[in-house]
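The chains carry the letters A, B, C and D, assigned in the order they are written, with residues numbered from 1 in each.
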Amino acid sequence: MTNSFGRVFRITTWGESHGPALGVVLDGCPAGIPLSNEIVQADLARRRVGQSKVTSPRQERDRVEILSGVWDGQTTGVPISMITYNKDADSSKYDVIRDLYRPGHADYTYDMKWGIRDHRGGGRSSARETWGRVAAGAVARQMLKTAGIDVYAYTVQIGSIRSESFDREEIENNLVRAADPAAAAKMVEAIELIKEEKNSLGGTVEVVADGVPPGLGDPMYGKLDALIGYAMMSIHATKGVEIGRGFGSTTSTGYENNDWLYTDDEGRVRTRTNHAGGMLGGISNGEPVIARVGIKPTSSIEQRQETVDKGGNAREIIVEGRHDPCVVPRAVPVVEAMMLLVLADAWLMSRTSRVSWEGPSGL
Amino acid sequence: MTNSFGRVFRITTWGESHGPALGVVLDGCPAGIPLSNEIVQADLARRRVGQSKVTSPRQERDRVEILSGVWDGQTTGVPISMITYNKDADSSKYDVIRDLYRPGHADYTYDMKWGIRDHRGGGRSSARETWGRVAAGAVARQMLKTAGIDVYAYTVQIGSIRSESFDREEIENNLVRAADPAAAAKMVEAIELIKEEKNSLGGTVEVVADGVPPGLGDPMYGKLDALIGYAMMSIHATKGVEIGRGFGSTTSTGYENNDWLYTDDEGRVRTRTNHAGGMLGGISNGEPVIARVGIKPTSSIEQRQETVDKGGNAREIIVEGRHDPCVVPRAVPVVEAMMLLVLADAWLMSRTSRVSWEGPSGL
Amino acid sequence: MTNSFGRVFRITTWGESHGPALGVVLDGCPAGIPLSNEIVQADLARRRVGQSKVTSPRQERDRVEILSGVWDGQTTGVPISMITYNKDADSSKYDVIRDLYRPGHADYTYDMKWGIRDHRGGGRSSARETWGRVAAGAVARQMLKTAGIDVYAYTVQIGSIRSESFDREEIENNLVRAADPAAAAKMVEAIELIKEEKNSLGGTVEVVADGVPPGLGDPMYGKLDALIGYAMMSIHATKGVEIGRGFGSTTSTGYENNDWLYTDDEGRVRTRTNHAGGMLGGISNGEPVIARVGIKPTSSIEQRQETVDKGGNAREIIVEGRHDPCVVPRAVPVVEAMMLLVLADAWLMSRTSRVSWEGPSGL
Amino acid sequence: MTNSFGRVFRITTWGESHGPALGVVLDGCPAGIPLSNEIVQADLARRRVGQSKVTSPRQERDRVEILSGVWDGQTTGVPISMITYNKDADSSKYDVIRDLYRPGHADYTYDMKWGIRDHRGGGRSSARETWGRVAAGAVARQMLKTAGIDVYAYTVQIGSIRSESFDREEIENNLVRAADPAAAAKMVEAIELIKEEKNSLGGTVEVVADGVPPGLGDPMYGKLDALIGYAMMSIHATKGVEIGRGFGSTTSTGYENNDWLYTDDEGRVRTRTNHAGGMLGGISNGEPVIARVGIKPTSSIEQRQETVDKGGNAREIIVEGRHDPCVVPRAVPVVEAMMLLVLADAWLMSRTSRVSWEGPSGL
């Protein structure tokens, strides 16, 4: 069960970096959603490697093939299996790590857990697994569209550079997917510099969901907060997650932090501020759902590092290969996908909350 | 399923703040663990209200009664049901919020979700639910002891005050459960001051697990990181969680952030630093597991705030009652409990990872 | 997880025969269902021991106390915890089986599994666990009523005696809960006779659900057939289950067995026969759902039987105590409860099957 | 979640009869099990269509390709994805049922559930889905071998003909997979006759697991009985399941039915008879686990039957195409696979039952 995520809208991902293929099975997707390879491919295009000078030059083949669950252009209610074949995988470069543990990678821990490890390209621990998340997220997006829910993510920080303005239109206009073009330019520069230094940078991705109706999420372990924490921390290289004001709220007071309620001109209950990030008691309140995800700097760097081999002997390693000096831009669609999956699941679950069901308000 | 947490070591909590009782059912606990009311009570004592001047004076009755699953002083492998009865609950003070939404609370969202709400003491959304987590955590602790795993939490920040030293022995010696006695004194002062101002403070709790053997946790959605993110974000008032260096790692470089491996004098593979917080690829590496949890300032404050009532009419509210001006000290045992539950679950799951099972290394 | 049943409408039962109490937690029940102790008690009354000369004279206290999840006479959407206290339990009579294995009971297997066993009254393996199923089934019944679904069970066979007519009104008019009063009289006689012989009888219970709309159940492992098989085979003493014509269909031909479709005067698609028992491909077709459950003869008999003790030594045992010479009449409400739980779960799940939800037809 | 089966050893199947491919993802398989396409193919060969004159002539391509989870000839602990491509699917013959409901099939119910249906070859409701069960069962078999568990199934009845002797060696020597060669000959004859009559037959499959150690299975809803009931009733065309003596026990007395215990020459506790079918209280007792599964006669018959179309209009249908006049022989490996999956899951789960784990006795 550990390779599955979601309760009623549930994905199971499979595949290794250098195996013949990777994929995802999405179970629990309702019938009647327009779906095609093209729709899914559009989302996948955004996580592709080789898309710019600030990412790895590896030409991954990310082409999706939907193998089941779609008929006559629509989902049919049965499992949607999506696959992509690995083509451009050169495993020979990984021979060196067959018996050597890369710092910052799962090499040692996989060996300790299972006693056997497919080392090629990191095997199952590779971020290539996120392909399936983004593919399934595209289906979730199609479904949530019908409910008026709109999810988008963007880079807010890389290294020491932070965005200071927000223009959604700018996000896809720059290589780092920041909503602030000026900051984006500096981020690109910082990545180019760190690449030259054979080093790497981390950063932070923010994700927003607009149009979420009040009433999504369930106490206690079905809280939106909990599901978002779970989803985001399952992403490779993630080291932190926060909702709304997040850790920032820990240094404020209750009076400052509480979001006051009022009724807007259309008669909708709203809050004056949104420090809570769109949820209270784990349940959406109709304000935008907002989370931030902290991504560590890429572990693979072409510098001499100390490590040990399988026998425990002291060794040195320089991790060669085509690696992103900063994975934050590519994490953007993955963070987005996980939010889509959380909300799709919560949205479907919310249909079971009342005996006389009229749907959560706003639907 | 939304009130359950864990896969094979699984809790289900139930109960409202002012209902007749609250409880937890723990399913999947192995047989042969010494257990008694007293053992569980010892952990519960630490989350009790009314324990000091910096917490609420309400005399909660937290006495546990184990109703099943224990025989002859040991667990028997069947569900452990634990209950506590509510005695000192005065619901009349809550009449005012029957039709009024408190800012920062789940009042509005519960109404939107279900159309009916037990408003007394916050009903199901009350942090009193954490009683069951701590009770079950005490059982997890008993089990993990046999594996040499030791979990402890402590306050590292309240408002603007941060701990600067660490002495585990000090944690239970001060009212805020900080490991730095000098910071603790300032934190107590800050809480007393904010209490006078009828306001509240938030803060951060850190939790450490020592003795975790390598090999616990499973890719992808069974990663320790993901389970910790899930567990911690399910705690009331939590707005953020981070592992190891957390968000701090996002401003460092790969070279700085990678933990180098070496073999220690006892032949054990270790890392020079522990920025990763004890896990790589979601699997424990034998270093201490470290997480931090950000808690928002208490929402209940005795100050005039704007809000709306059930009809959407603009109203003002002053939340009276006995409330903690800072829940961080009481969150410490809850954070600890959630880490215990995550590790208990991962520890049992790890027994299924190899066909010829000898247990994760070190066991 | 092994003491839980259901996916979104999910029960967790706990408790041992002679522990202080037993109970059930029902998670996932929608808000807005009228509920009270009295409503649940009415269903529980039917499984009570001591209700007639053909059942055990033990005066079990089956009184339910709802501890959570109900407010102002209605369910609130949060977990419903129900408890009953054990009062009339005399454990001393069980001292003899502390180290002795009763044939037909779980004594030996529990010892082998856990190495520790609460032997008093059979501990966790006691059919007293079914209290929680019936209590939760009563809630399911309340919910399904709103959808026009009506579930009832009755005895169709005891020993060699089979019902030959059906009158629903008769079911509660006789001690064995048969719908055929003539057969019922013979069944009672047979039980009285076997009781004198210090022996026991088994039999078969049939359960019917009327008013089930088409569209409930999900492929593959969410098929109604599969869930019914799962539910019924989890009942103590059950050794077989069949749907519709069941094993009888295995000796018929396809031409005889297929249910032909037609449209009735009200424009509803129906089948001429109902050999399928109300489902095709695991999904309800609008015909009555019908299952039969085979119950073995009571294992506890006051006759000399060969067995072994904990040390493996050959021993003889006469199982004394107050035991039903035939549990079939008391199994009737339990079988009914399990069908209610299966349908409640499937009914809620069916709300997630279409993106534009109008509910399964007929709702 | 409805297309998944198992708790820790968990399969998810996907695919439609005439889609591009079908497959299964097996999550939770331990590392270190020798596995290859060939090993899985050997089991798949037994469920293949076109294998004899008593089954359908369709040349299904059942060739398995393992896409993940195996490295260097062994399982690695991560998901095992297995796929087979559909080659010989001629969908045009199914055009007639696009708007017409076949009696005995899921056509009507799928339409009612989802409002959209891939009618080609029965779509998702096709028994072709069992490919994934058998493939995963082959992996389970590899694992259980290491524990000395051996599972085999065989036909015990077709139409009115029942086996009267048992010789395991005979099972694969006849077209119907009966363990009684004389009965097998009659069964073949009966199937040939019914085929000429354009009609079909049902029957019963028995499955046995030898070498199951005591202690597998968990109360209440993890009972072996319950899991077997669940597993078997999820198989297409199954209408009944029984354990051990099954429905036969309902007409016996407790004295006759109880299995007496004794200690054999090797000091192992055994039972004189095995009416219980190898389990008590849902937990294995070391005797062979025995279940029987009732399969209805094939619904697809080339005879005129009454039905309705999508608009509810009365119609007649003759189901043409290549259909097995009796699916029982092909159900044998599927029943076997489901027992393998149940035991694999229970076997892994049993490792979590004691805190000081030495494995269930006998391991």
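Convention: contacts are C-beta pairs under 8 Å (C-beta built on N, C-alpha and C of every residue); 3 or more make two chains touch, one makes a residue touch a chain.
Just so it is clear, the model here is predicted, and its values are computed rather than measured.
Between the chain pairs A-C and C-D, more C-beta pairs are in contact across C-D. Of all chains, the one whose mean C-alpha position sits at the greatest distance from that of subunit B is D.
With centres set at the average Cα position, the gap from subunit C to subunit D is 26 Å. If each chain is reduced to the centroid of its CA atoms, subunit B and subunit C end up 38 Å from each other.
Each chain gets a centre from the mean of its Cα atoms; for subunit A and subunit C, those two points are 44 Å apart. Among the residues of subunit D, those in touch with two or more other chains are 1-4, 7-8, 13, 28, 31-32, 77-78, 113-115, 124, 219, 349, 353-354.
Contact residues of subunit B toward subunit A in the complex are 1-5, 7, 13, 101, 103-106, 108-110, 112-115, 124-125, 129, 157, 159-160, 194, 199-204, 214-215, 217-223, 225-234, 236, 238-247, 249-263, 267, 269, 271-272, 276-277, 279-286, 294-301, 303, 305-308, 312-314, 349-350, 353-354, 360-361. Within the complex formed with subunit B, the subunit C residues making contact are 1-4, 7-8, 10, 12-16, 19-23, 25, 27-28, 31-32, 65, 67-69, 71-72, 74, 76-81, 83, 113-118, 123-124. The touching residues of subunit D, when paired with subunit B in their complex, are 7-9, 28, 30-33, 75, 77-78, 143, 146, 219, 348-349, 351-357, 359.
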